[in-house]
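Paired with chain B in one complex and with chain C in the other, chain A is shared by the two complexes that follow.
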Partner chain A sequence: MAYFLELLVNGALVGLMYSLAALGFVLIYKSSGVPNLAQGALVMMAAYAAWAMVDFGLPLWAAVIAAAALMFAFGLLVERVLLRPMVGQPVIMVVMLTLGLEILLRGLVPGLLGAAPKPLDIGIGLAPVIVGDVFMNRAYLVGGVVAVVLIGASMLFFRTRLGTKLRAVSDDHVASWAVGLSVERAIAISWGIAGIAAVGAGVLWGSVQGVDWTLSSLLFPAVAVVILGGIDSIKGVFVGGLAVGILGSVIPGYLDAYAGGSTRDVVTSLIILLTIMIRPYGIFGREDIERI
Partner chain B sequence: MFYRLSGIHHTGYASAHRLWSVPADRWQVVAVLALALLAPLFVSDLYLGSYVLPWLVWSAAALSLSLLMGLAGQLHFGYAAVMAIGAYTSIHLAQAGVPFALAILGAGLTSAVIGTLFGAAALRVKGLYLVMATLAMQYLVDWVIVNVPAISGGAQATLRTPDVTFLGLPVETLSQRYYFALAWAVLLALFFMNVKRTSFGRALIAIRDKDFAAAVIGVDPFRFKLMAFLTSSFVGGVTGAVLAFCYYRAVTPEQFSFNVSIQLVAMVLVGGLGSVIGGFLGAGFVLLLPIILTNAIADLGASGWIDLSQNLMAHLPLIFYGAMIIGFLLFEPLGLAKIYDNVRKYFLVWPFRHSGS
Partner chain C sequence: MPGLALSSVEVVYDKVFLAIKGVSLEVGEGEMVALLGSNGAGKSTTLKAVSGLLGPERGDVTRGTITWDGTDLLRMGAPDRVGRGIVHVLEGRRVFGHLTPDENLVAAYSGRRGSQPFDALRDQVYEYFPRLKERAKSKAGYLSGGEQQMLAIGRALMTEPRLIMLDEPSLGLAPVLVEEIFGIIRHINAERKLTVLLVEQNAAATLRIVDRAYLIENGQIVMSGEAATLAKNPDVQEFYLGGGGKVDYHAVKHYRRRKRWLA
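For the complex of A and B:
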């Protein structure tokens, strides 16, 4: 029972950290309908940025803020230079463009800053937190809490003036234009915010597993989170993250011994496949009604 | 030489719709084919084995995927898995003593069945969701291959291909393997060009352009999407077998990973969706350009012009590869096929600006 609880709690915390990586994906999809498959690479880049700042001599809090500013600017740049010319192109082109960006970043960032894994110490001890007879990974605990705070903050953000504009734009581009909102600026800002969300995910995951290119493979669980939760729902990111994390921890916890390991990827794939077969728009997503 | 359209007047549909209706194109095809047939005579073994042969096989793979993505408009991000199924099936069949021709056929059929199963599961959805579903297929097939020792021969194992004969012709030496790959690539190219002219191909194109509209004029989208998955997975499986026997000769699961799927999609897009010449050009570009550019920069570095760290050099192919994908999508979304078409049209009527009709 304690084993089960341990898998459950740690899985939930990891899942919340997945949802942090998925948050940027949802923000961008919600505002512009662009599936950003480069989100994993953005997370990796943000982690590298934070590491470089710390390495440069900044204290951690300043490094995180500087990395957030950098990633916000990078998000704006990507939107302006790469995505805006693609408006109106079929989805395969946009998907492939973000994948191209992913490959480019995966080569460029480790190429310039070094490919060997780098430690990113954010001052969390290694000793587990023990509640009753359940051992919790301290880094996951901090990560889960930060993730909840950031997801909550982005929910609140959508109630501010700017957030309301973003929601209007995500609802209907033409109607937003008609009432004088700048659709381009809203989409650019959503890319910037996705960059900031990537900093959160990058710093937390970087502190857990070190900063190197493997951070970009967070894309796969993040995609599962997004598909399960609903591709345009922030609530969905939260619930989907919990579900993907728990299923991806409990099932391998019992099956890995029999199936020869790494069943986590199988669970993640099955979550994607089953969601798409049964309820393609996810738990909280809005069903697309195609008009002819 | 000049004005190669001169004197060409089609007086019936048969001549207007034949494969190469301009004689200059026909001669070009004959010339390229002759060069390809004579290649083992004047290309050194090193280049033949490590550049020309993989280029042919990957062109065949890009054509197989282009059948699905370019003609039917169905995205597939797990095509390497389809090829893996073909490769492993053919090797196991050949090791069990099945004649190579039948082993290849079995590889195609197995790929077709499994690929169509996943396709059928994913066919309720389109666009982005289809991408995700096929991506999940890639990971599932990868996992099964790695974790079932009966298929992969155990974790981290390589499976050597046995020496085989195809209908009495041995496929062992480099030039024999080259001719086998060439034959498959040419066959596939001919098949592709002819599919576009059949009612099946036109139905696929109708579905690609708008599946509701296709349904209205009596083309059942579900049935034809399934048939597209079936056909494409079949040739994909055979290509996987050709890849294993002609090029790799020792197969590991990593040779069919997710990155390979991305590479295949990149080949199709860089080449140009649904184009035969694009399949060949795209495969060549995606395979060779990063290598050539990296080598050029390494030469520059060696001669002291620029100074790059070892680490950056190691990442250069990835950088060029990503930049190439982005560049093509931004500046020439129709791919190399469109560039080729522009050049060809320019020279068809040169020295005039455009033809009269």
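For the complex of A and C:
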């Protein structure tokens, strides 16, 4: 029983850290209607940025702020250079573009800054937190708390005037132009904010597994989270993250012994597959409203 | 007569398809003018040329000028034109379906310097369209067609326009609703001196409320004048108003009557 509880709690915390990586995906989709397959590379790049700042001699808090500023600027740049020429084009072109960006950054950033794993110490001890019989990973605990805070902040953001405008833009680009909303600016802001969210994910995951290109493979669980939770729902990121984390921890916890390991990726793939077959818009995702 | 002026405007889609061929029209400050025509005549294209929404459909103004109060509009992007007081209510309503009506109004409110406070504008919209207030908290996508049209107009009013362009507000609505919405448009035009450019297929209802009208066919203006004069024109009656009165079947000719303005 203690074993099950341990898998459950740690799985939930890991899941929340997946949510953190998935948050940028949802932020962009919810505010501009663009599926962002470069999210994994954004997380990796954010981790590299934070590591480079610490390496440069900045204290951790300053490094995080500097990385956030840098990633915000990078988000704006992506919109200006890559996405603006795509306005009015079919969405599949934007999907392929973000996928290309992901692949480019996966090669480019480690190529420039070094591909060997780099430690990113954020001052979290290695000793586990023990509650009753359950051992909890201290880094995951911090990550889970940060994830909850950032998810809550995003929910509040979409209730503000700016957030409402961004949601309007994701709903209908032409109608947004017609009432004077700048679609280009909305997309730029959403990429900037997603860049900032990537810093949270990048720093926490970087501290857990070191900073190298493998951070960008967080894209896979992140996509599972958004597909399960609903591609435009912040609530869905939270619930989807918990579900993907728990299932991806409990099931391998019992099956890996028989299957010889790596059943976690199988579970993640099955989550994506089953969600798309049974409920394509996810748990909380919006259905497209059609009136007859 | 300051206001909106189009002068021999040509619009080409996809660099090959000539959709409107030298359209010239004027809408004076505070006037209510209709642009009438059948499907595919170029009515919506004309409006999009004014509001700057041709880009996403790969259309382009290749000739002519469009000015608003003497300033050239063609150099500006769509949001800047809204900033200048021109707003376009799109065909098919296009409300933000996943937002509530209240949020639709928030999204359209610019909040730039010198604009009225949000609450004042919103109260005014709800005064014109009390039905929207009752449904302010449900998703706009689930409103009825008439309510969505009201919301689309209300949303446009949040931008504090001086010229409102309405693209077929009667589309798919019951005649009694058309009557109601046209009444409100007329009321807003009279009360706030708001300039209105109304695009319609429903010529009968439109000619009753506008001051002047233009008739567009195959991308060209074929007739224009006071609404009352146009309504009396026998060709307009035959082709747009469904003929006048009883038909004497002994006198029916077995060939189609030719439109007199086609040379």
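FYI, the second predicted complex is superposed on the first by the 284 of 292 C-alpha atoms of A that agree within 3 Å, B and C clash if a C-alpha of one lies under 4 Å from a C-alpha of the other, contacts with A are read in each partner's own complex, and residues count from 1 in each chain.
Throughout what follows, a contact is a pair of C-beta atoms (placed from the backbone, for glycine too) under 8 Å apart; a residue touches a chain by one contact, two chains touch by 3 or more.
Just so you know, these numbers come straight off a predicted model, no measurement behind them.
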{"item": "Touching partner for A:Met96 - first (chain B), second (chain C), both, neither", "value": "first"}
{"item": "Contacts of A:Leu255 with chain B and chain C, given as first, second, both or neither", "value": "neither"}
{"item": "Of chain C and chain B, partner touching more chain A residues", "value": "B"}
{"item": "Partner chain in contact with A:Ala168 - chain B first, chain C second, else both or neither", "value": "second"}
{"item": "Which of chain B and chain C A:Val223 touches, first, second, both or neither", "value": "first"}
{"item": "Chain B partner contacts - residues on chain A that touch it in the complex", "value": "35, 82, 85-86, 89, 91-93, 95-97, 99-108, 110-112, 114-115, 220, 223, 227, 231, 259-263, 265-266, 268-270, 272-273, 276-277, 280, 290, 292"}
{"item": "Footprint of chain C on chain A - complex, ascending", "value": "87-88, 161, 164-165, 167-168, 171-182, 286, 289, 291"}
{"item": "Touch list for chain B against partner chain A, complex", "value": "69, 75, 121-122, 124-125, 127-129, 131-133, 135-137, 139-140, 142-143, 146-147, 155, 210, 212-213, 262, 265-266, 269, 311-312, 314-319, 321-326, 329-330, 333"}
{"item": "For the chain C and chain A complex, residues of the former touching the latter", "value": "51-53, 55-58, 77-79, 82-83, 87-90, 94-99, 103-104, 106-111, 139, 141-142, 145, 155-156, 158-159"}
